[in-house]
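A, B, C and D label the chains in the order they appear, each numbered from 1.
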Amino acid sequence: MKKTVPLIITFLAGLYMIVAYFVPHPAVANSAQQMQGWEIIIVAFTLVLGIGNLVQVHYGKVRGRRPGWFHSAALLACLAVMAAIGTVWGVAEGTVYYWLYDNVMAPLSAAMFSLLAFFIASAAYRAFRARNKEATLLLLAAVVIMIGRVPLGPWLWAKLPWVGGHWPHALDQLTQWVMDVPNTAGQRGIKIGAALGAVSMALRMLLGIERSYLTTGGGS
Amino acid sequence: MKGFFVGMMRIDRRWIFLAMALVVAGSLLSDIAFPRLEISPDVRRAYDLIDGLPSGSTVLFSWDYDPGSQPELYPLSAAMLRHALRRDLRIVMMGHWVTGVPLIEKQIAEVVRREFPDKRYGSDYVNLGYKSGQNVLVITMAKSIRDAFPADYYQTPLDSLPLMARCRTLRDARAVVSFSAGDPGLIMWIQFAWQRFHIPVTGGCTAVSAPEFSAYLQSGQLHGLMGGMRGAAEYETLVGVRGSASVGMTAQSLAHALIVVFILIGNVAYFAAGRGKEER
Amino acid sequence: MAVFGIWLGALLTLCIYSFLYRDNPLYKFAEHVYVGISAGYFVAAEVHNVLLPNLIAPLRSDFGHRFYLLVPGLLGVMVFFAFSRRLNWLLRYPLSFVVGMGAGLTVTAMLSADVMAQVQATALPLNSVNNVLLAGGVLATLVYFFFSAEHKGAVGGVAAAGVWYLMIAFGAAFGYTVMARISLLIGRMQFLLGDWLHLLR
Amino acid sequence: MFNPRNIARWLAVLAACANLSQAAKVIPPPPAEPAVPAPVSRFTAADVPNDGGGAVRLSWAPSPFDSAALRFAAPDDPARAVKAYRLFRSMGRSGEYSQLIEVGPGTTEFPDEGLANGTAYHYRIQAVGAAGGLSPVLEASAVPRASWFNGERTNMVAALVLVAGILLLFIVRARSGVAMSIRKIAGLAAVDEAIGRATEMGRPILYLPSGGLSAVSDIQTLASLVILGRVAAKTAEYETKLLVPCSDPLVMALAREIVKASCMEAARPDAFRPENIRYLTNEQFAFTAGVDGMMLRERPAANFFIGTFYAEALILAETGYATGAIQIAGTAMITQLPFFVAACDYTLIGEEIYAASAYLSKEPVLLGSIKGQDWAKAAAIAVIVAGIALETLALRFPQLHAFAAQWLLPK
């Protein structure tokens, strides 16, 4: 009951998804689509787990007046306000919820995302070293793409003595070649290998060979 | 000397952050531009399609992206919109993404009303807004735009808009232009507007998704394409405007150059300090 | 309200950027606001976009035909037993359903898009240098991923070639990603300098 | 040919003649028949095969007066050029036909969708001339049906049987005691080192089972959780604090179960601290901001980033570097791999994350499946080589082209 039934559920749900891939008949296709809808519903319920955990951790901090409790209080307040006004008054455009999304969440998200430009610079400075042949290749490919794909590249190239005049498009062509040939080959190799690994992992789960997700003690 | 390079390698990365911020902000505020921007054939084709339409003909613009792709696709749609308005084309606007509709409004406010104050809503351009349905919507529009959109975005009945009196079905549009961040977007327009009704389709996409369109470009199903901010900058060059993409491209170029310089300095320091000394 | 919104957005952006200098109370505050707001955002979004339209509304309006929606509803409620000490094993039922669905969909999706399609695309006639380099690269990269053979001798040589291809692919991905990320920073800077401070024309 | 319209016209002419004597001057000329385009040919309707039914595909060869057609024969009168094709549909043979759609010239097919299975549908097509003249009508009919097997996916059945068969074969062989070994994977060999270092320094370990966008149904997340189980067993043994921030509640629940089980396995049930396995938020960058904060405040000595990562990868890895932690990363996301390779000490690339559970546990059955995976790869290589050979031969013998180009392509 505690382990066997979940194993059977996993097996049947997975098998049905595989079968549905091959059967276009509505009798199968529609029910498979329904089941994917169920998954969305179940996942929506699991949010309760997460919110419960978040409240537990931060309420504990606020009650114990532990260091940083003020920040935890702000977190809880934001959570409560956003969840409440969104649930009660809706999430459409023009609501307070939407305004908060637009003016608080979206800028925060964009700002966090744009931090990457800075981190890319620091990673370039400290980590992209021509330590060995392999690292040198990575570096060269990166530099070619970075320079070749912005106006600066062709501009500089044209200024180069001799080559710039004789092969005006060489940089563009080189950029394109790196993208089309070695890059495509490397990506494909990773994709095929990783996909076979994923398929093997998925089959192991369906067959109950890999069952670490059902490992809680006590029960069989 | 060695000590200097070891010090260089341990430089506080906050200086690097500062340099990046200064380069990007500086190039946005300044007027530096790189004179030579290679115009790719795909962008040229998109430009030629719009440029070749007789003035007064109708084109359909579809904003198929959400705010997430705005930095890339907004300048791109602005560039093409400007071109079409200058050429005196009549523009029917719509979108397949519900979250993208405010972006049409934004573009009307920032491009049409500000730069073309004499263009009249209803006779020069119309905003139909969003409708669900994707490919079914396109087919319905091919039968009758009124069946798909009984009223425009502002709930004005289509019959009271002079432009829509002349543009009754999708087939009255001479071209479809889609700014696409995914599906539904360009591919759907190619499959339905071009494959079924032979209305030329062009538009723009994000830089990351540009490679997946190469097959459509080669086969001629797609009449040119602008990829990302670079594509927009090329288009701006063709139109002869220095818009946000061109300005952004300078910032982009200099930021890339800065990163290359960082890689170079990092490597010089690494080799000069004796390889391997930096290991923690 | 719009101006206030821009100021709020700008100040929060600066709070996040202050992290680049070092961890500080402003960043800490923005971080906690962000986590709280986003978690709350998902609560309301799931209620309005999933639970109401996909579960509650169909059950209320057409229970006779949609009664089977009680199954996901029940599985969903089982999630709550995670908080119980004695019955927390009930969580495994919805969990195993979700895992099974994911695994099943992975098998066909990966096999078609990432194995078959890629294998098909690599079946190229050897009539150009590029085709030879491309096909050879795919094969060498695959050899690198062999786990049952040590990377020695001939296998080692081919695997080493595979690593070169991997490195070029990584370099290209790096270059391309740099481009996209810098665009984002430019977008943020245009917001700060233009929309907020009105320094851009 | 019998045409009611012609009769009407003759009648009109006759009537006009009859009236001649009375008012010859005011007689209007007979209404001229608008110039009629030539009809289409080979009009067919057929059930769309390999689908869920409800669709009929109409196709036709264009009228010779269709200027977009390949064999365009310019008509004597430009008004007879084709402006459009009109399609009509009726449910029964005798039923009323209603217009389905009007498609532009150059179009030679139209899929009619949303039909009922098992019902006969009748179609008519008519070419419309530039001046509005209508060509004679052609008819066709079809019955849409649903298929029980998508014949276009036969190649996928073969691939699935092949891959699954190889895997099962090796799993069975491993069960029966055939010893198997796999090569060293540098990133995984370093796991012990990382845990050891954290223990020495008395600082915690941070383990991310995925980045900011994850779900339990994501196979990379599952692979990562399996690795988490092995890491947790070691940290329990050394009594090192293990922090696991999650961006999905179900992943958190699962991570708790797995860590708890590992602590039991290591006979240290007291080492299980549920409060260290936390949910932050589903939002990608809010999660990233939260984990960054954790790294700076809790100062983990070792960071593990294994699973599906998107843009947050570099933010996390660079922040981790700044705190001086030893970092082990792993993902199959190609765009993020260069950043992990650059910013972390060890990186598991692609497939290596799926081999990790077998590598760390040394369980024979899992090792068997890794061996099977290798043979599946060998099969992929063999198919690629065969495909290349066929395509190269197809330069001389074009009929061979079909295998690699058509049959292998998934649909």
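Definition applied: contacts are C-beta pairs under 8 Å (C-beta built on N, C-alpha and C of every residue); 3 or more make two chains touch, one makes a residue touch a chain.
Not measured: the values here are computed from a predicted model.
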Chains touching both chain A and chain B, listed by label: C, D
Of B-D and C-D, whichever chain pair has more C-beta contact pairs: C-D
Centre-of-Cα separation between chain C and chain B, whole angstrom: 24
Intercentroid distance (Cα basis), chain D paired with chain C, Å: 16
Separation of chain A from chain C, taking each centre as the mean of its C-alpha atoms, in whole Å: 2
Contacts with two or more other chains, residues of chain A listed in rising order: 18, 21, 39, 43, 46-51, 54, 105-106, 108-109, 112-113, 115-118, 120, 122, 126, 128, 138-139, 142-143, 146, 149-150, 179, 187, 190-194, 196, 198-199, 201-203, 205, 213-214, 216
For chain C, residues that touch 2 or more chains besides their own: 16, 19-20, 28, 30-31, 34-35, 37-39, 41-42, 79, 82, 95, 98-99, 101-103, 105-108, 110-111, 113, 115, 119, 122, 135, 138-139, 142, 145, 166, 169-171, 173-174, 176-179, 181-182, 184-185, 187
Touching two or more other chains - residues of chain B: 13, 17, 20, 24, 252, 255-256, 259
Topology of the chain contact graph, where touching chains are joined (line, ring, star, complete, other): complete
Complex contacts: residues of chain A adjacent to chain D: 18, 21-27, 29, 39, 43, 46-51, 53-54, 56-57, 105, 108-109, 112-113, 115-116, 119-120, 122-123, 126-128, 138, 142, 187, 190-194, 196-205, 209-210, 212-217
For the chain D and chain B complex, residues of the former touching the latter: 68, 101-107, 110, 322, 324
Partner chain A, residues of chain D touching it in the complex: 50-53, 117, 146-150, 153, 156-157, 160, 163-164, 167, 171, 215, 217, 219-220, 222-223, 225-226, 229, 246, 248-250, 252-254, 257-258, 260-262, 264, 275, 278-286, 288-289, 311, 314-315, 317-318, 321, 332, 334, 337-339, 341-343, 349-351, 353-355, 357, 365-366, 369-370, 372-373, 376-377, 380
Touching residues on chain C, where the partner in the complex is chain A: 1, 4-6, 8-10, 12-13, 16-17, 19-20, 28-51, 54-55, 68-69, 71-73, 75-77, 79-80, 82-83, 88-89, 92-108, 110-111, 113-115, 118-119, 121-122, 130, 133-142, 144-145, 162-179, 181-182, 184-185, 187-188, 191
List of chain B residues in touch with chain A within their complex: 9, 11, 13, 16-17, 19-21, 24, 34-38, 67, 102, 211, 230, 233, 249-250, 252-260, 262-263, 265-267, 270-271, 275
